[in-house]
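One chain, chain A, links the two complexes that follow: it is found with chain B in the first and with chain C in the second.
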Partner chain A sequence: MTDTIVVGAGLAGLAAAIRLAQGGHKVSLLTFGLGGLPLGQGSIDLLGYTHPAGSSHPTADDQAVADPWAALPGFIAAHPGHPYALLGTDTIKASLAWLAELLPDWLLPSDGVNHLVPTALGAMRPTLLIQPTMSWPSDAKSVAVIGFQQLKDFFPELMAKNLTQTAQVSAKGYLLDLPARDQEVDSSALRYANAADHPDFVSRLAAMIKATIEPADLIVLPAMLGLASLDPWRSLESTLGTRIVEAHLAPPSVPGLRLNQALTRLAQASGVRLIIGSKVIGYEGEGDCLRGVTLHQAGRDQFYGADQFVYAGGSFESGSLTVDSHGLVHESLFHLPLVGLGGDRPLIDGDYWSDQAIFKVGVATNAQLAPINPDGQIVWSNLRVVGGLLPAAVRWTEKSGDGIAVSSAFAAATDLLNQTSPKKDN
Partner chain B sequence: MFEAASYESNLLARASLDSCVKCTICETQCPVMAVTPLFSGPKYVGPQAERYRSGLTVDHSLDYCSSCGTCSLVCPQGVEIAELNSVARAAMKKGHTPLRDQLVSRTSLLGQMMKPVAPLANAVLANRPSRWLIEKTIGIHRNAAMPTAQRHSFSDWWRHHRPSKAPTRGKVVYFHGCAGQYFEVETSIKTVEVLEFIGYEVVCPDQGCCGLPLQSNGLFDTARKYVRRLAEQLNVEVEVPIIASASSCVTMLKHEAHDIMGVDDPTVLQAGQRIREVSEFLLSLADAGTLPGDLAPIHQTVAYHAPCQLKGQGMGKPALALLSLIPQLTVIDAEATCCGIAGTYGVKKEKYAIGQAVGRELFEAVERINPQLAVCDTETCRWQIAAATGATVVHPISLLHQAWGLDQD
Partner chain C sequence: MKRLKTDVVVIGGGTTGIGVLRDCAMRGYKTILLDRADLAQGTSGRFHGLLHSGGRYVVTDPESGRECAAENAIIGRIQPEAVERTGGLFVVTPKDDPAFGDKFLAGAAKAAMPVEEIATSAALAREPRLNPGIKRAFLVEDGTVDGWQIAWSAAESAKQYGGQALPYHKVTQVHHLNGAVTGVTATDLKRGETVEIDCSFILNCAGPWAGQVTEMAGLPPVSVIPGRGIMIAMNHRLVNTVINRCIPPADGDIIVPLHTVCIIGTTDHPVTDPDHLQVPANEVQQMFDSGEELLPGFRSARALHTWAGARPLIKDDRVATSDTRHMSRGMAVIDHSTRDGVSGMLTIGGGKLTTYRLMAEHIVDAMEDQLGSHHPCRTADEICPGNQAGHNYLITHRLKDREADRLESPIICECELMNRQMALDLFKSNPLASFDDLRRQLRLGMGPCQGGFCSARLAGLACQEQVMDAGRATGLLKLFLEHRWIGLWPILHGAGVRQAALDAWMLQGTLDVAHIPSPARVEPDPISDAPIDETWQSSGQKENQ
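The block that comes next holds the complex of A and B.
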């Protein structure tokens, strides 16, 4: 018998599945498509920005958070329904340390403060756990930003110009004429990463850089220095004798793909049964005990029974929250009660830049992340709701989506592991 | 112009294109796009180009899509990318399908032709000058993997077969597929023997081709006839599951006949509901605790490749969990997207090199993990992996057959 079913293979679902499997549970991970990791920046955000007191809008006065652990208690006090308030600082801290230990090849251990990493436009964005290729040396004074004529998502001169303000450096942009393969004139960063996985491409790149650029303290390249490993980045740094930082681009995001690949492999290596490509469309249960879910497979619908369940379906972006033609919001799989609907603001207002109220809608849970109804009664005692489905956060302006995913998955898995002693296979 | 009925039956798949958010996830997983700039990718020829098609072709790079279906599997928005592309390609090639594509689409015919002259056929296919001639005249690449003709078909065996013990748990219908009839006869025999060993009475009606190779070569009209006829033939003992060891043919019945060719026939849909890949079936028994447990150890480490067509059924990789029941056997998922054969794609002269490049990571994994023995559920993929690596590549059922001590009989 399967002990636990996890629905959704984004950051939250993968993290929950791995922790449960490593804790001895038999886990099936059911997911419709890939989750959001390949679209993200490939670092782990905890808390990046806070609004000035009294403002619910992101504004130019938003504060980039330097020390998220110092900022968190105040943030929690100001956001009582926020997942971070439910989980508490200790759990959040433990979860991020756990994730960094899980991915030693890909994430640097945290030094407790936010790093500032460059975006493709040259903004410096605050984030907690970074890949080794993202570490910006604070002593860098001169920067060479290098792009490729055939990589049309990256404009070195624009980035260089912006960096002079955002990072207080002198910076110059260069465009190299180096196709990712053959004569291809329009390649994504992923094709460059595939190319860079072969040492001969890295040698050609090194030679071209040496021949082209003026000396600089730091080289910035689009994030493409390896998908299979970070060896291409290491070898280029040592050949050139200059530090290199990667800037992440619009999707497909190579750093995001690295994390997705690493976590998916880890899940499988931990014994997780991964079932991709079918949607969970129904469930069965009695009283407050869920018995199983129905998977819409090719040919027929198949029932999967389990003892425990984690729902990591994401949010509007992945279809687990929907808005119907009457403007009503629904959780689309278990029809769970939602919070955040009855505020004094309309769900969607005309201000493009505001934190639209609809984005704070999410599934109501207790502190154990079990879904509850408006009376506070538990709907399904053996179900935990994690990640983007949780309410009261605007994940992209706070830069909290990754942290919520990891800490809620960690807390839910820990709780479920504590509740059961692993069943023996027979 | 394309036959109206087929195009309309594609309306549902077309409707899904509006769900595309241009996230590029399909592009990151497409195995063809990763190795050649000749294919502009699933998002581009799928939801993007489809907007401009109304039965007309707008982009010929579509022909380089191998129909592996990976894009549809990974798309988080439910866009039926591969299905759209298959229909559009059929429309593009309608009326000028090369003789070569007509020929490689008819597995049964090839099997029937080769069987009486099996040693000669095998010799011709192993002969370099004759393969050169075949490449020049027909367009099948000289190095492409070819099946080995057998002197006896599965039916020859089945006619004389008597179960070695009385059934203890009801009936199943066995579907062998064309390759299982003429080329992969041993896999078919072992599947029947395993099913009988665990207590089933196996029923095996006369049966033809499911039409999958015709479908993937755009020959929808004939393919529809084939799949309808097959569903009629399998329409015996309607209460019991149909078990198959040919995973790509299972895909055809489970969803491609309906989702790509618009076949709405109740008999076909019903066969699609009843059919189970043999590993899927045995794993469900294992999960229910009703599979005999007395499996002898196999002291081996092997690579396993889950074929695209099997992954496309959206049920994960049942063989992995199933084979983990065999003591001492270490099965390592090669985690390759595709072996590059994609049915008949990789045998074609102009696509052979792409198919080899697609399969390279898998071939390297096989060579690293165990260059002698590898495991894969689909026959054309097994031929491809075997030709590229020199390994013996078996269906998962072979290892179970061995572990249950049935090899000696």
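The block that comes next holds the complex of A and C.
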């Protein structure tokens, strides 16, 4: 059996590990942190916004993408170095279908177009695959936005007023006095989700909503209606007889934690060995063949050898890409060659709203996602680089981070499985 | 249009101007202070936070050294809450000449400044991050000071004596008739209103902008050479004592622990335009190199924010204008009756925050000389409101407060321990405040996340409590993020990049703030806003609806 090491437990790392394990590899998933899912919005983005040609300014001129599959060919043509250009529409499509099948309890089947999900500030945010709790009914005319006095990251009044513009509805904000835990005045959405997993909290919430709000077509709540399952959401909807949508808010992200939890369980059920809380600090290899990595563990550093490797360490936000005090950019684990450093724009400029060039820096790879040096030579033939490490995307403005993570992980894992499938027959 | 009548108009709401407002008011003059921006938003809020012991000047400028030592003691007495008694060290690094230490001791003795040479081992025990190779160390009475708190508590004191501070009032004309001052015209930028103020005296305390004021009066411009200096705030207090390099004044020669951060400064380059101060990349590198010399490992520490300030140096013909650091910091009062034949107007320049009270005393004395009346200056004798004698700032104060009220009010800014009630109280007392106005008083957004979490909460709170409508709240949030970025991008590296990416994921990625419509203009621009005309006024009103 082929030994494969995946570094990083975000969406890309988990997806690669699951696909490799389900394909018969013996997979170890090494991670220092928790991955980015609990920090994100908990839906799966593919492509949400495009800038008009020549614009790097993502505000005024942006175009929201309604049909990402229709937009993708044009986007790929305009962004030749983008991970989507490397992977191609067919692979991206197959990868998202695969992910949706993996998570039938958590993601609605795609109807091929972007959904608009409300955010705590009142934007309607485009995303492709949503959780059942995020489906905004197009016929909603009146909306009640309900928050909690004890949850500071959700802003019913601001959201309601902004929704009147962004969603073209009439909306009213309500603030309920319902602590997640007794006497606590300062609770995260996670605390509320923990509370909502108990039916009596949902009953109290339902009673309070009934007593407080005027009739509305739709209720919007912060994303907190259950972590263990979506039963709290279902039960509240049926009790109130009104459709309920969960809105995105700042981390900790309950929908992100749901996906993280589901994918982690799937990985474990598929036989992935999960080693968490330990940092990969070194590697060994010969020629273009990586032999293994050193993991910094309590007590001593431990060498983990493997035949194949997937590097899903994330980007600047996770510390896999770093900038030193002289302004030099590094990939911090394997010291891989980077692209995106020599553009005609400075790496960082003073316009907050522009797509900063620094965040488009990433690891140079070939079409198989193996790292390459500036001559096009493969650095490590048995290593694949996936997710946020890939260059040329500003994922938060494009709303492309999940799509890049899933499709690159899927492509890398498929490629590695194909390479080793003859051995499996022995 | 609004018309006001007063004895004295003070132009410039930095610490000097506010000190002058307080002094005039205490001596019984009806006084109004005008600033085009917020109080202490210029030079007074853009320095390193050092309350000078005088040590920096005892060798090169003993007069300044003496003044600093005396004023340090006075500020510590009248505004103790704004002062932290950190103490200071002058250290000779391996690269420096130990003989300068002898000049330093001699200068200190001459300036009557307390100083004690201590063993380098004692200095290292006190500040373990110091360069272990230091050759000499001198203990002095440096402190740190919050320029904003100095300004507000002095303004509060002035208010008790009838003095009135009007921030966001931009002076557009200075009037004089038959060789005597008659008044000023100003624009109330936040309300979009013209204000005419009749007065018989104008005290020009505009610092680096003083020349613009005299020009407005149609007088030959006072020659001010703004000296630009950059500062970098580092996350955490790498030191708890002010660390000075024991050399003649140079770039990057000081690290000041202030609130939750420590600040390295500074550089000095003459500039022509104090409104547009750059933070050049080479000066950032210079600060990191100097920091490394004093505190090895400095380059690996987290840089939080950077800014540039303009020294308000009045041109002194004794030295070349290209070297502003060596121009006299001694204050200069310019009398426009002898200089330009217009009575009732004085301009003050030079000085430093530590001596702001003394500067005020000098210019008000000069005014009284011209008026031929004399009242004693009492600003050194009376403690400012909000202060308790002997009660200095301690970094743990907010932690203590939050421990006490944690079951009453949620924390909006975790980095600086600012809670909901603090924001609400300030919003209610100043409903026209921008998020930056709040930041200067509450410190929100000044910690490691640089507004990543707290700024959206503030927008939500402001709208929820009906302090403002959703358009203004959204617009102020965007403006705040733009403004924070100004101090981030020139120093972005290490953990700062990581934080910037995380903040972008949250605000632009998850919350999608960029795609919520908001008015193009939510706040006046003190620099570019012209005097009011009808078009401006009507568009301003429309946006506020």
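Note that in this section the second predicted complex is superposed on the first by the 419 of 426 C-alpha atoms of A that agree within 3 Å, B and C clash if a C-alpha of one lies under 4 Å from a C-alpha of the other, contacts with A are read in each partner's own complex, and residues count from 1 in each chain.
Basically, a residue touches a chain if its C-beta (ideal position, glycine included) is under 8 Å from a C-beta of that chain, and two chains touch if they have at least 3 such contacts.
If you're wondering where the values come from, they're calculated on a predicted model, not measured in any experiment.
Once the two complexes are overlaid through chain A, chain B and chain C fit side by side, free of any clash as defined at the top of the document. The larger set of touched chain A residues comes from C, when the choice is between chain B and chain C. Judged by the touch definition given at the top, the superposed model places A:Y352 against chain C, while chain B stays out of reach. Using the contact criterion defined above for the overlaid structures, shared-chain residue A:F155 touches chain C, although it does not reach chain B. With both structures placed on the common chain, the touch criterion links A:R181 to chain B but leaves chain C unconnected.
In the superposition on chain A, A:G319 contacts both chain B and chain C. With chain A as the common frame, chain A serves as the apex of an angle whose CA-centre rays point to chain B and chain C; its value is 90 degrees, to a multiple of 10. In the superposition on chain A, contact of A:L121 is made with chain C only, not with chain B.
With both structures placed on the common chain, the touch criterion links A:S400 to neither chain B nor chain C. By the touch criterion defined above, A:T133 reaches neither chain B nor chain C. When the two complexes are laid on top of each other via chain A, the two nearest Cα atoms from chain B and chain C are 5 angstrom apart.
Shared contact residues of chain A with chain B and chain C: 36, 39, 183, 251, 318-319. Taken in their complex, chain C has these residues touching chain A: 281, 285, 288, 299-300, 303, 406-412, 420, 453, 456-457, 459-461, 463-464, 466, 469-471, 473-474, 477, 481-482, 484-486, 489-490, 492-494, 497-498, 500-502, 504-506, 508-517. Across the complex, chain A meets chain B through its residues 1-2, 28, 32-36, 38-39, 181-184, 188, 190-191, 194, 251-252, 257, 265, 268, 273-279, 295-300, 302, 318-319, 426.
Interface residues of chain B facing chain A in the complex, by the touch rule stated above, are 23-25, 27-29, 34, 37, 72-78, 251, 253-255, 272-273, 275, 287, 289, 311-317, 320-321, 333, 335.
Considering their complex, residues 36, 39-41, 49, 58-59, 62, 64, 119-123, 125, 150, 152-159, 161-162, 165-166, 173, 175, 183, 185-186, 248-251, 253, 315-319, 322-327, 348-353, 356, 358-359, 395-397, 399, 401 of chain A touch chain C.
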